[in-house]
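One chain, chain A, links the two complexes that follow: it is found with chain B in the first and with chain C in the second.
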Partner chain A sequence: MMVPLSYNTRNLLVRKTTTLMTASGIALSVAILVASLALVEGLSTVFANTANPLQLLVLRKGGDSELGSTVSTEDFEILRSVSGIANDQAGQPLASQELVNVANLPSSDNPKGMNVTVRGLSPVGIEMRNVHLLAGCWFQAGKREVVVGKAVSQRYPSARIGNHIRFGKGDWEITGVMDGGQSALNSEIWGDFNQISGDYNRQDSSSSVLLRATDPVSLDALKHSVEDDPRLNASAMTERDYYQKQTASGAPLEFLGILVSVIMAIGSGFATANIMYAAVVRRGKEIGTLKTLGFSEGSILLSFLSESVLLSGLAGALGCVIALPLNWVTTGVGSTTSFSEIAFRFHVDAAALLAGLIFAVVLGAAGGALPARAAARKEILNALREA
Partner chain B sequence: MASIAVSICLVGLLFALTRALFFGGDSTPGQAKRVVVHHKVALTQDLPVGYERTIQEIPGVRAVTSLRWFGGTYKDPGNPKNRFAQFAIEPKTLFGVHTEYQISQAEKDQFVAQKTACVASRTLAEKLGWKPGERITLVGGMLPATLELTLAGIYDPHNDTSSVLYFNRDYLRDSLPAGDPRRDMAQQFYVEAEVKDAVSDIAQRIDDAFAESPYPTKSEPERAFMLSFVSFLGNLKLFLSAICGAVTFTLLLITTNMLSMSVLERTREVGILKTLGFSDSEILGMVVAEAAVIALLGGLVGCALAAGLSAALASAMRSVPGFISVASGLALSPLVAVLTLSLAILIGFVSSIAPGVYAARTSIAQALQYNG
Partner chain C sequence: MEVVIETRELSKDYMRDENPVTALKGVDLRMTGGEFLALMGPSGSGKSTLLHLIAAMDRPSSGEVLVLGQDLRALGKRELARWRNRHIGFIFQAFNLIPVLTALENVMLPLKLTGLRAKQQLEHATTALELVGLGDRLHHFPRQLSGGQEQRVAIARAIVTDPDFILADELTGNLDASSANDVLALLCALNSGHRKTILMVTHDPHAAHYARTTRYLDKGVLLPEGQVPQDWMAAPLPHASAAMSPAQMQSH
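== the complex of A and B ==
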């Protein structure tokens, strides 16, 4: 026979101060765990949104970042004519030659300045991406004009329309703000390809070439024909793979968060064990009575264990609630691939919440196991005689 | 007490991390005299190699070398083992700037004499099984050049396990196509000062010298430069202080909880003590003292755990480029230990007040009747 669960809920309610204190400890460790998971989830959402599943990024052979890659204009002309590339309405191939570098802008978080990705591209490059202007107008070819991403305009006070920012060989006027949804493009500054490559001494070469395949089947064929072309010394990867890899930028923060929540959980585990031991001692008489009534050792063990799991489970739910508002928090993290800051929003998803709850339940079970065993093992006579 | 020890261990570790990240920790003796000069706008922007002469003439400068990140690939770049940092430098001054690098005179001479020679850090050479004489081919990525290098020697950097290869900048220059504007450009200059105290003064003088040129510079002590990579991790300061706050709060809850329970369990004993004539304030004092002792013991165990943990974390970080300087600053220094212990004792005091006052206020009759 089972000891009714209401016996445990009542016990927790009677000692509400101790219950609340222990629960808060567990709730905070769960909140930190959920926050760490939400950070990584938020980052990968941003990178997943940046990639177009049909697009292929061409870098020099063996290259793994746009920043450290060179593709010459000659190679670009060859790439444009490879078969399998989609055309735009005007019949021009969707192939974009781009130059990537970084500029340093002071932000509100970082007065010393953070790196922001600067991308030089031509109108076809804009067409290939899912961006639209929020305000102002696009940069014009041949002018020292740039358009900044939404996140850049929010995070860097100097990045306002009409302002000038300094990178490369001089000043650039900001003419517009663009929005690429929840994507890494919002953390970039865009300008005319020829203007920007001239500023970085990169005439006749670019960092990368972006190609759009006509359909998913030809994507693979396109990748192979680029990599196997003896005239080119290039590797091609899908945009999706390229951006997915960058999610690793959040790894140090995730590691730290998980380390801290695990250590905190050990501390809270001891605290849970502590209060459960006290409960067992205090309720010696009750345990004796339960045994006299015929409850088995197993059901008493289960009763105390479920009390501690109930406590930690509730605390876990509380921790999840504490972490939820993070969904509205935007922060930035440096990407080791683009060597610049990517703004993203925390994303507390169901998986993170579930992980938090499971974590709490495991913690409660671990902390409650020994005290529950002690309760189950009590001799009836001794238990009844206890003060 | 175990829960206090674990939590205090965490607090100690976080304090040590905060110190290493934001208060610089300590410069290694090698770093203390070094200044890094880079372009004011971004690290990836080039500076003319000719700056080297101007910097050399600044009083107090002992040695200077330009540096360019090559970023080429070695064998199969898909294998992470084959990835390492490659820098083009001036062989004559490299070891004058990095005085902490240990290398034999014969190897050093060969590095200077042979244009295609290179040197590798001990970690890198061991990782790839290189012996002096090894032929190393690097294929350029950003720079259109293929370098065929010969390993002249292996140097021992002090307490640094990163994988680095240095080669002659003249060789890179000659390998680049004739019209390439980057032939005469460098990315950074490493400057060794005569004395430690002159470092910030020299940095200022260098920046002043180039302030009006088309390529303005930013010079900073090497440690500060290394730590600027940390800002890359995101808003770590906020993250760490949030966690520190949460941990301290939890710790307070746990300790108060534990103490109230231990006082409650001994209510009857408190009654007996009072019957024997102990005053209310003496009872309060006893509870507080007990808490302080528990907190101190927990704190000591926690500090010991934290010292071990930060040492482990530091050695793990040391092989990650960019984190080397964080790793060298990550240790439970006496100051951090004292801070952590004081926090433990403070928490002991604060959490003992409520149970202590409760014990002191309970009347004898109530206390003796209590059966918990």
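== the complex of A and C ==
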């Protein structure tokens, strides 16, 4: 049987200052860990929401990003006629020829400017995405007009309706703000395909072609048809795979976050071990008394280990609470694929919180194991003689 | 009468500052059920060592301790812990209450190791505290009690499991005269009213006065019944006291 848990909780309360200081260290480590996981989860959510599971992205063979890819208009015409492509309501194939480049926009955080993805596309490209206008109107073909994503509008002061932004060969008027939900499309600027490709002197080619398959079964067949067609020098990947790869953009930040939390956790682990050792020394007489009353070494070990785990568990919960407000924080990360900024919201989900709690409990168990063992192994008479 | 405690040729040696010290030398002691024995002797005579060996808190260098016929040498650490819980109630000089637990929780501690349900544990602990006159102090923490009350909580904790015998180590050492008399009277009542077997270690002749019998230890040797160490002869003998102890009164 265990020593009552109230013995441990009250002992933690008795030494308030050391308990609070150790708990703060653990809470901070957990908060950083949860933040790192929330960052990756947020980024992953954005990219997952960007992709339509029925859509294929066609790039030049060997290309792994739209920015470095070229697909000719001739190839686009071949691609439109491949079987397995879904049609829109007018009977036209859902195939969008798109040109992708970057524009440099100054922001309040970065006055020198950050790269933002510029996408030239036709109305079918808009139809193939799950976006809607928040304000203003769509750009018109043949005009130097653009629509900006919601995140671009929020993060860049110059990207407001009615303002002009400069990229390509001159100024572009912002006519609307679009909302793509929790997706990377909110971090893009869209304009007319012909107008933008003209600005970048790419009238005969595009960066990519987006195709929508009729159903999940024909998606694979469509992919093979594109890749196996000898007239095309193209590779195709599902939109989902393409954006999944971009989640890796958050990997360095995730690594850094985990590294920092692990380093802090090592410090917190030593702090936990330190206060638990102090508790074992200070409570020697109590340990001797408990043993005299009949509590076994196992019970004593479990009691001190529980105290350590209780401390770290509560601190872990505090760390989770500290990290929770991140759910309302939007930030941006530079994508290594598109060389532009992707805005996303941290996503503190149940898995991140659980990971934080487990991390804290493991930390408490590791820090408390040796002191608990020392407590359990005390000889009764030696323990009773301790002050 | 059933033999509760028996030691045979019990010896204990240990090292102090690299010098061998003999704490006990071939002690033969027998206690039967319902006995109340005071073990006296000067500091360093081996009284507490004998008590610790009987309580299985220490291992003898040689000889054996038989409690209710059970040889304690045959028990492992876990069995000894269980044995202590089931068979002995130990009262410390410094009370040794857990400061963060209330009187009731302190008394309930040994019951956690029994198969009793929580409600029964609560009832048993309350009864034990009422028995020692602390029914109105159940939820007080040790710091809120006087020394005498703390020792009474410790006595309640020692008897709550209804052990086969009670071991008391200088239980009046930290108490004033009035509180000491109270707890000694309580011990007497437990012995006479509840037939508890009690072995009390003390160097206080007044405390020993409350026991039915007194034995002396001198330099680790248990003296025969009725024999007192030479250097104690000058001091007034507890049983020669004009006032009769409660135990003596009952035996007359």
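Assume the second predicted complex is superposed on the first by the 387 of 387 C-alpha atoms of A that agree within 3 Å, B and C clash if a C-alpha of one lies under 4 Å from a C-alpha of the other, contacts with A are read in each partner's own complex, and residues count from 1 in each chain.
Heads up, the rule we're going with is that a contact is a pair of C-beta atoms (placed from the backbone, for glycine too) under 8 Å apart; a residue touches a chain by one contact, two chains touch by 3 or more.
All of these numbers come straight from a predicted model, not from anything done at the bench.
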Touching partner for A:L293 - first (chain B), second (chain C), both, neither: second
Partner chain(s) touched by A:G25 [first = chain B, second = chain C, both, neither]: first
Chain B versus chain C as contact partner of A:G181, first or second or both or neither: neither
Which superposed partner A:P157 touches (first chain B, second chain C, both, neither): neither
Partner chain in contact with A:P325 - chain B first, chain C second, else both or neither: neither
First (chain B), second (chain C), both or neither touched by A:P53: neither
Chain A residues touched - chain C or chain B, whichever exceeds: B
Chain B versus chain C as contact partner of A:V102, first or second or both or neither: first
Contacts on chain A seen with chain B and repeated with chain C across the two complexes: none
Contact footprint of chain A on chain B as seen in their complex: 2-4, 6-7, 9-10, 13-14, 17, 40-46, 71, 73, 77-78, 139, 141-144, 181-182, 185, 214, 228, 231-236, 239, 243, 246-247, 249-251, 253-254, 256-258, 260-261, 265, 371-372
Partner chain B, residues of chain A touching it in the complex: 17-18, 21-22, 24-25, 28-29, 31-32, 60-64, 67-70, 101-104, 109-110, 112, 114-115, 166-169, 200-201, 252-253, 256-257, 260, 263-264, 266-271, 274-275, 278, 281-282, 331-334, 336, 339, 341, 387
Chain C-touching residues of chain A, taken from the complex the two chains share: 1-4, 6-7, 10-11, 14, 285-286, 288-298, 380-381, 384
Chain A-touching residues of chain C, taken from the complex the two chains share: 52, 55, 57-58, 77-78, 81-86, 90, 92, 94, 96, 98-101, 105, 108-110, 112-113, 157
